[in-house]
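A, B, C and D label the chains in the order they appear, each numbered from 1.
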Amino acid sequence: MMTSGKQYKVGVLGATGTVGQRFIALLAEHPFFVVHALGASQRSAGKPYIKAVNWKQTQPIPSAVREMIVQECKPEHFQDCAVVFSGLDADVAGDIEQSFRLAELAVFSNAKNYRRDPHVPLIVPLVNTSHYSMVPQQRALHQPPLKKGFIVTNANCSTTGVVVPLAALERAFGPIESCIITTMQAISGAGYPGVPSLDIVDNIVPYISGEEEKIEWETLKILGGIVQGDDGLKTFDMHTKQPLRISASCNRVPVIEGHTECVSVRFARRPPPSPQQVREALQAYTSEAYTIGCPSAPRHTVYVHEEPDRPQPRLDRDYQSGAGVCVGRVRQCRVLDIKFVVLANNVAIGAATSSIINAEYAVLKGIVGGHA
Amino acid sequence: MMTSGKQYKVGVLGATGTVGQRFIALLAEHPFFVVHALGASQRSAGKPYIKAVNWKQTQPIPSAVREMIVQECKPEHFQDCAVVFSGLDADVAGDIEQSFRLAELAVFSNAKNYRRDPHVPLIVPLVNTSHYSMVPQQRALHQPPLKKGFIVTNANCSTTGVVVPLAALERAFGPIESCIITTMQAISGAGYPGVPSLDIVDNIVPYISGEEEKIEWETLKILGGIVQGDDGLKTFDMHTKQPLRISASCNRVPVIEGHTECVSVRFARRPPPSPQQVREALQAYTSEAYTIGCPSAPRHTVYVHEEPDRPQPRLDRDYQSGAGVCVGRVRQCRVLDIKFVVLANNVAIGAATSSIINAEYAVLKGIVGGHA
Amino acid sequence: MMTSGKQYKVGVLGATGTVGQRFIALLAEHPFFVVHALGASQRSAGKPYIKAVNWKQTQPIPSAVREMIVQECKPEHFQDCAVVFSGLDADVAGDIEQSFRLAELAVFSNAKNYRRDPHVPLIVPLVNTSHYSMVPQQRALHQPPLKKGFIVTNANCSTTGVVVPLAALERAFGPIESCIITTMQAISGAGYPGVPSLDIVDNIVPYISGEEEKIEWETLKILGGIVQGDDGLKTFDMHTKQPLRISASCNRVPVIEGHTECVSVRFARRPPPSPQQVREALQAYTSEAYTIGCPSAPRHTVYVHEEPDRPQPRLDRDYQSGAGVCVGRVRQCRVLDIKFVVLANNVAIGAATSSIINAEYAVLKGIVGGHA
Amino acid sequence: MMTSGKQYKVGVLGATGTVGQRFIALLAEHPFFVVHALGASQRSAGKPYIKAVNWKQTQPIPSAVREMIVQECKPEHFQDCAVVFSGLDADVAGDIEQSFRLAELAVFSNAKNYRRDPHVPLIVPLVNTSHYSMVPQQRALHQPPLKKGFIVTNANCSTTGVVVPLAALERAFGPIESCIITTMQAISGAGYPGVPSLDIVDNIVPYISGEEEKIEWETLKILGGIVQGDDGLKTFDMHTKQPLRISASCNRVPVIEGHTECVSVRFARRPPPSPQQVREALQAYTSEAYTIGCPSAPRHTVYVHEEPDRPQPRLDRDYQSGAGVCVGRVRQCRVLDIKFVVLANNVAIGAATSSIINAEYAVLKGIVGGHA
């Protein structure tokens, strides 16, 4: 199904936050989507957006939303929206997103609340759009069954960075057996006000609450398949047929935007691929989202750097508007097989851009609107 | 042998550099050592220290050296020194340190040049002071044999941080089999002017030339033993009886001082120790340098943090004047056995303090002066 | 009156905050004062200090207070204290400090609440300890009159930095007529969590709420005299006999500690002093606090740098434990007369150290205890 | 004269430097100009650009120049260029730019060498394009007279920021009498490698060699007029009819890009304009460069912020691609008349963009090509 210039009204929940602002900025000139409604907390509701938001983007507030009145996050204010993007705090996202789904709205969420839900796909659009096949069951199992409403989440920002090259490697070389990841994560990943400056100027904080567990768990859901039981019910298989052990260590660093991750992997297949084969596989990897024409999907899903000292967050985070992933320093690991460095823009592909590509995909596939 | 208040004259080579300045600062009130001679490049020679140096320490230049004339790095200017500390650039350290050894001087070097020399011990004073047993052979094999001259090096700053907890773990639990390390290294590790600010403000550089190789190689020399061949000759065994595979990924981060390292280890012994056992072994670890009374050796060789978000470089790098190593977040690793975070002050125990403790040890053991 | 080794019990209000922590650290080995009671909010009260505080100092928590139970800020818990230091939030400092004064306690406050009170001296201990002469009237005018209780405040951190050299210049050269100040203030000046890192990494915020007004007003109170009216009542003259116009522009910069200020002054006297005369006057300036033996008063009230690029916060903020003020780049101003750069440690002389010297002075002068 | 789609070949000298890279980036899609030749030092000459440059921009190297061979900076390699942009180091710019002028090339330089030349206009394109009237005399006085060659310089980056609002204020309210400026300058202003990170992380350097003199002198040349003597010779009058006293204090701060400046001004006219009048005058100010259609000239020459805490370098430096100047916090000054904060992108309008707009203007006015 093509969109043939049709424009879809969209809503943004948590529109005043760090991810919300990025949604607003990204949607300003979007070929499919037009921002139609903004939701935030009671503190903000009733105010024009420009008064409600503490705008921290480097481009000005798009003129179309400057004076738009922020609403409370209630479905009635978003009934005309074909798509609702959520950048809500996890404290409130659970109930609000549920109420939107019940109101037959298509919710694309950045919050963690439904990521572990057995009927909600956790989709990194450069990796596992095939998991959309879970949406019909999600609707059907509701009481009463839903016609159009559903929730799709995207992954945690640090998971996103690592899962893209891992997917590329599994596609080319078969299952990965184990993976050790050390992240160096940007402060924008904690939202605003987020990390106090006294904690991070001239410093590293070698801990981010809940982050390591997210990487270790979400990766399995994303890279795993969907299996159908004898009862006809689908479940996420969590990569269980080929168990994948992941160990993550997460650090906060004084970088504004862009998560850098050092990754070592061991393949099931012996002998493992060479660094050069890995580089080629990463460079060759393409996403279905790009192939079917999602306008925000990057041409280079994975950009492979040859220079020894790249990727670097300040220089590489805005490549392709932050929609792809950069990999560098692909080389042998003396303990596992291969190691490399990943850079992913935590606010773009790690958050808002992922949701937007997921929604683009759903539009192109006719999933939005209940035609799936 | 006790020092009984005796003071030893010492020289500092590369006295104007980052490491050299730290030597000057640390030696200002030292119980054994009195700075007697300073050496640097021809640019600096002939000038009073205060004119030659671009002093970057937070305490003022010690008054005893302010007006001391900087010399060229020639042995004749250092003949009265019982000990010579070197913070020379690797470009020049090779020839200069050699000429000092030939002049029967005891050289304690930070430079990398002799670290791989088969007769030069590479000593992290909290770990392998036993390697001093190589010094007699180093002297004897010279043509003609040396009476007092020798070179001892300390390790690269990022090696030092990791090797201390690894030594503690091997002492408690037997051989480690493999180890994956990701470092986040301070800018002071690159000397001055070192890292351009445009490369590191709001950025990470995921590469430090030669650093990964140093960690992977030096660790084996330090943790390995010394074996005696049939010909009576001693060699460093490089941990070969129990092969140890190390894989390092090195990153430069916007931190002034203090290298943070995320480490995962696998023990040979099955089942491996629990996190709690590891914590206890680290906390209990003591160095011979401390036991025999080296004044700069830290009481807590390894300080184990219980808080989830420590150690942090800004808060913990000056604990015990940076002479110990801090470890935190000891926990299970899903791929190897145990993972944890290490912090070591790269300029203190990672450089100048290591040399000073090494020299204190040599004095206390009578190695300096040729009485070994 | 000498202290002859006598130790005074002291309390710290707001003991868990940025300034409170600095009080704890500074008082750990104080010759006069022993920490006896700690106060903080209800969130902290009842807990041992180590559990209540999010300790952010680079030295460990002094062992004497680690397990001390934090109290609510009620005078009954502080009755044995000869001195109470306050690092309370301005939201609550007003009522609490008043209740402590009424309970006949001597309060040395960092909060802004009483700085503009016509009976409360605003004392920068390197400048205007003579303003202690207001204390008897403060007590006497209370209903009923107080015997021992009083409040003394110290100045805002950015005021403190500039008022010290201005006092030195007025002492040497007579009244200053106008003064333009641009500050570059450290993030620790905003407390914890304070400035969000997203606002200050790779950034400057050219605004600090209320700060410019504080500098412009407090400086007049501090540098002005005290005049006695016909009714015998004393008032602060606010430098009115020789009107002094001050214009401040305040900026937040990504520096942990140490406020840097660019200052231009115009003297009433024509011709004005030369830069060299100014340098000499600054260097020669001494405080009465130092002269009478306050142990925390710095020997160099103003340290004058000759190097063109100093003072710098990272290098100079800890000189004399941050108790003095550094000045550099004294030179002609083409618009006013003379310009220079000041550095003052906002947490030390700009906050906790000022209160402590004020209290030391009050002890030595017999003001604490009601013997004034 | 219109360009009617005509494209001009241009050369870039110092093409590998900080400013040179910005030229390359800005010229990638320029409506008038096509990069035709690149010049740098002997180290770089002969290499394809991608090998010669240490590219530090956030967008990739434009494909048209990636493989272009870098030349030595000799006029023969640039003969086909209608315009030559120079981002050369001041050490070499003097001789090289002179040789290019003699070879009848039109040189637009960022270097300081000819800024004080009595025949070279120092043009900030948002301010004093009228100074192009000096070009004919510059050519005529050469021996032998030049037909097409000339040099035009733009100002120092910190001068540029302040001179734009000062010009706007003089246009609206008549002469300014005095001006005190404190700058907080980005590290990119020092080129690459430039400022060592050890000097600027968690620090301020309150000194930039030569910078204060540049602001104090260049501002007079730019804001002054051109007068014709009895001998028919034109000279820059340096604002002498209405003497303007300027006092600058320059600081380096840990900001990547964007110079922030706190400015206080006193007008000759009494009473002075109100803050509101100043805001309106700044907002209303337009440049001739914009009016006549220079494609890189910003629509808002001066963007006036109403929020109390703006402009901020990280948020505002890329507004209008850094081609305009942002002003905020316009308010009364208690010593002079009015104070405000300026932000100018040092690499864009403070360097490369200024040269490019100057060249666009020269093209539109027919000055390039000798038709002036």
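Throughout what follows, a residue touches a chain if its C-beta (ideal position, glycine included) is under 8 Å from a C-beta of that chain, and two chains touch if they have at least 3 such contacts.
Not measured: the values here are computed from a predicted model.
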item: Chain pair showing more contacts of the two, B-C and C-D; value: C-D
item: Intercentroid distance (Cα basis), subunit C paired with subunit A, Å; value: 49
item: Subunit B-subunit C separation of Cα centroids, rounded to whole Å; value: 42
item: Distance from subunit D to subunit C - Cα centre to Cα centre, in angstrom; value: 43
item: Residues within subunit C bordering two or more other chains; value: 56, 199, 201-202, 254-256, 314-315
item: Arrangement of touching chains [line / ring / star / complete / other]; value: complete
item: Complex contacts: residues of subunit C adjacent to subunit A; value: 18, 56, 187-188, 192-202, 254-256
item: Of subunit A, residues touching subunit B in the complex; value: 178-180, 182, 184, 199, 201-207, 209, 216, 245-247, 249, 251, 253-256, 260, 262, 264, 308-315, 328-329, 333-336, 339, 341
item: Residues on subunit C engaged by subunit B in the complex (per definition of touch); value: 56-60, 201-202, 256, 314-319
